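Every chain is named by a letter (A, B, C, D, E and F) in the order it is written, and numbering of its residues begins at 1.
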């Protein structure tokens, strides 16, 4: 449960509606997920965050599926249940297969393991990596 | 500085040399980076970790470059300087361009931002994501 | 659900009651939140943690509202749902308005973003900051 | 050491110079700290991050000093050495006294302690906090 | 709720059953906890993770109870609810008393506190610790 | 480098000296490590933190070596270089052998791996663990 009202389109201010309209147009779906409905409690925060997300997740030097999988990896590392759920769904919608998810998970697990080991062993950075 | 002796090939036991030989053969380079030389202080830990890394990072449903970029993203999230350095180098060696790195960073920044926001707003998971 | 019995005042030992009495007197309310009722499973841990919290959160060089907002920011960063809930309520009770919460969230998001970026770019500390 | 060239004003492109000029004007100082010089390796990432920081850290419902102290608290929680250094300096420049820093640290320590305790005890959220 | 089917023994493939049989034999119980049933969606990931866990958690230079308590400490630090629940149960099954849990929690709290303080104060490592 | 003066015994106030004396008496050594010398910039924070550490790390239901190893595990998870260095030294001084350190590292690696996996797979907590 969220203590924040989830702002539905029908009850939203024109400022919030403009963002929702852009989310719908960009994603080509009517669905607005709860993250945006919660941020809508502060229209300026909503607009700024959406603009950043829209710019960042657009196709570019990296394809949208890769970006979504990176998002899932970070969300798992940060233990953010909402983000894991929403970006796993996003990655699946963009073409992530079960086999890709399993390999992604293997990398997530390995990286979190060796991150801790490298820290604990205080491994000095190789000159080749500077 | 590491307080652990970095075990060089010349001073390594046969057990450690076998792992180093496999690292060299798998990566097709003579270079052994310090992470493995530190783990070599415990040959069993070295062997197990290398086998896991070798299996996990091999080409499969995800290509090796994508895997390395995911590794960089997690290492940045975890603030592991050694891992950031070594896997950024790895990703560059596998073809990550400066433009790809910049877009990766944008996703890393955005994901860490929205992970905290989703937690703070206690956003309930949408039914569509269950 | 917690597997730990939440120790209610009526069933508490004199040692635990003494802490509960002090919480009530300090906060000027009869309400004891679940965090303390869970810690009460170990009276020594309860007493030590409460004494630290009481001392730390008292007015001083920083006002209580600022302290609560810092608490919310850290709890969001650590993805601790209970702590986000309890300290958001605490901050609101001390005067945090929706506008203040939204600006706090903006800082929380930005800081988590740039923390990861600074790590990933391995930015050397400026001499001016040493 | 950073492997990224720190882009100095003199060698910067017009696009990067425009951001540097805005940083200088906004902060009323000639000093550009290394974080921005590193991000300048990707002008678009630099511009977007600076615009977000400028907007977020401006005076509003929260004063700039409170915002900087929240930034320090998050940076300490995330173990980001660069961010701790730069935002501690920023907070001092905005008026944080040694006594305020000490109290901030006390809250940072306490919050990180109780975040872990609340998680470990699986404390259920009080109805009053929903 | 998990969106991943929890693979029960009866519906499992021979490859998955072999792992489940080994879990049962190693732990001397019929109970398979949900973590493994979720990983079973990818049999290779299941087998690899179980083999690593089996090897790592076996008695050796450290006894199994100490290992489980370390696991609880890390899970609390990472805010992983499932891991806190499962490894707390594991530690209790191996002999952790309420008094031991309370002392473990005290160390978990203290370590998370001083980790943040050491970072924030940028404490230089003593020569004696290099 | 720390920007905080490390307060040496000779230059310390009576209040700080009293803590240093207690550290020396408790640990039966003249050595005061830098963490305390940095905290000494705020005598009240020093005294409170030391009292908490002294109480928490004393022998009890858990032995001091186990406590130090838990500390190392958390410090590695949090990527705190100072804490890894100081508590690894502490654990060695209390009897941690290289074989014990290697097994501790194996648990640290495994726990960080499976914490992320359990989060990503959104594994529901087994009834047996509630």
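By definition in this document, a residue touches a chain if its C-beta (ideal position, glycine included) is under 8 Å from a C-beta of that chain, and two chains touch if they have at least 3 such contacts.
Quick caveat, the model's predicted, so the values are computed rather than measured.
Participant: Tell me, which chains sit next to both chain C and chain E?
Facilitator: A, B, D, F
Participant: For the two copies chain B and chain D, what is the rotation angle that overlays their Cα atoms, in steps of 5 degrees?
Facilitator: Fitting chain B to chain D on C-alpha atoms yields 120 degrees.
Participant: Of the other chains, whose C-alpha centre is the longest way from the centre of chain E?
Facilitator: Farthest chain from chain E, going by C-alpha centroids: D.
Participant: Under the over-half criterion for shared residue numbers, do copies chain A and chain C use the same patch or different patches to meet?
Facilitator: Both copies, chain A as well as chain C, present different residues to each other, with under half of the numbers appearing on both sides.
Participant: I'd like the Å distance between the centres of chain C and chain D, where a centre is the mean of that chain's Cα atoms.
Facilitator: Chain centres of chain C and chain D, defined by C-alpha means, are spaced 21 Å apart.
Participant: If you average the CA atoms of chain B and of chain C, how many Å lie between those two points?
Facilitator: 34
Participant: Could you state the distance in Å from the CA-based centre of chain A to that of chain E?
Facilitator: The computed centroid separation for chain A versus chain E comes out at 27 Å.
Participant: On chain E, where are the residues touching two or more other chains?
Facilitator: If we look for residues of chain E contacting two or more partner chains, we find 1, 3, 41, 48-49, 52, 55, 75, 77-81, 85, 88, 99, 102, 105-106, 108-110, 112-115, 117, 119, 121-122, 129-130.
Participant: So in the complex, which bits of chain D are touching chain B?
Facilitator: Residues 3, 41-42, 44-45, 48-49, 78-80.
Participant: Give the list of chain D residues in touch with chain E in this complex.
Facilitator: 72, 75-77, 79, 81, 84-85, 88, 105, 108-110, 112-117, 119-122
Participant: Please output the residues of chain A touching chain E within their complex, sorted ascending.
Facilitator: Residues 79, 85, 88, 98-99, 101-102, 105-106, 109.
Participant: Write out the stretch or stretches of chain A touching chain D in their complex.
Facilitator: Touching chain D from chain A are residues 1, 3, 48, 52, 55, 129-130.
Participant: Report the residues of chain C in contact with chain D in the complex, numbered from low to high.
Facilitator: 1-4, 6, 31, 33-35, 38-39, 41, 49, 52-53, 55-57, 60-62, 66-67, 69-71, 73-75, 77-78, 80-83, 85-89, 97, 99-100, 102-104, 106-119, 121-126, 128-130
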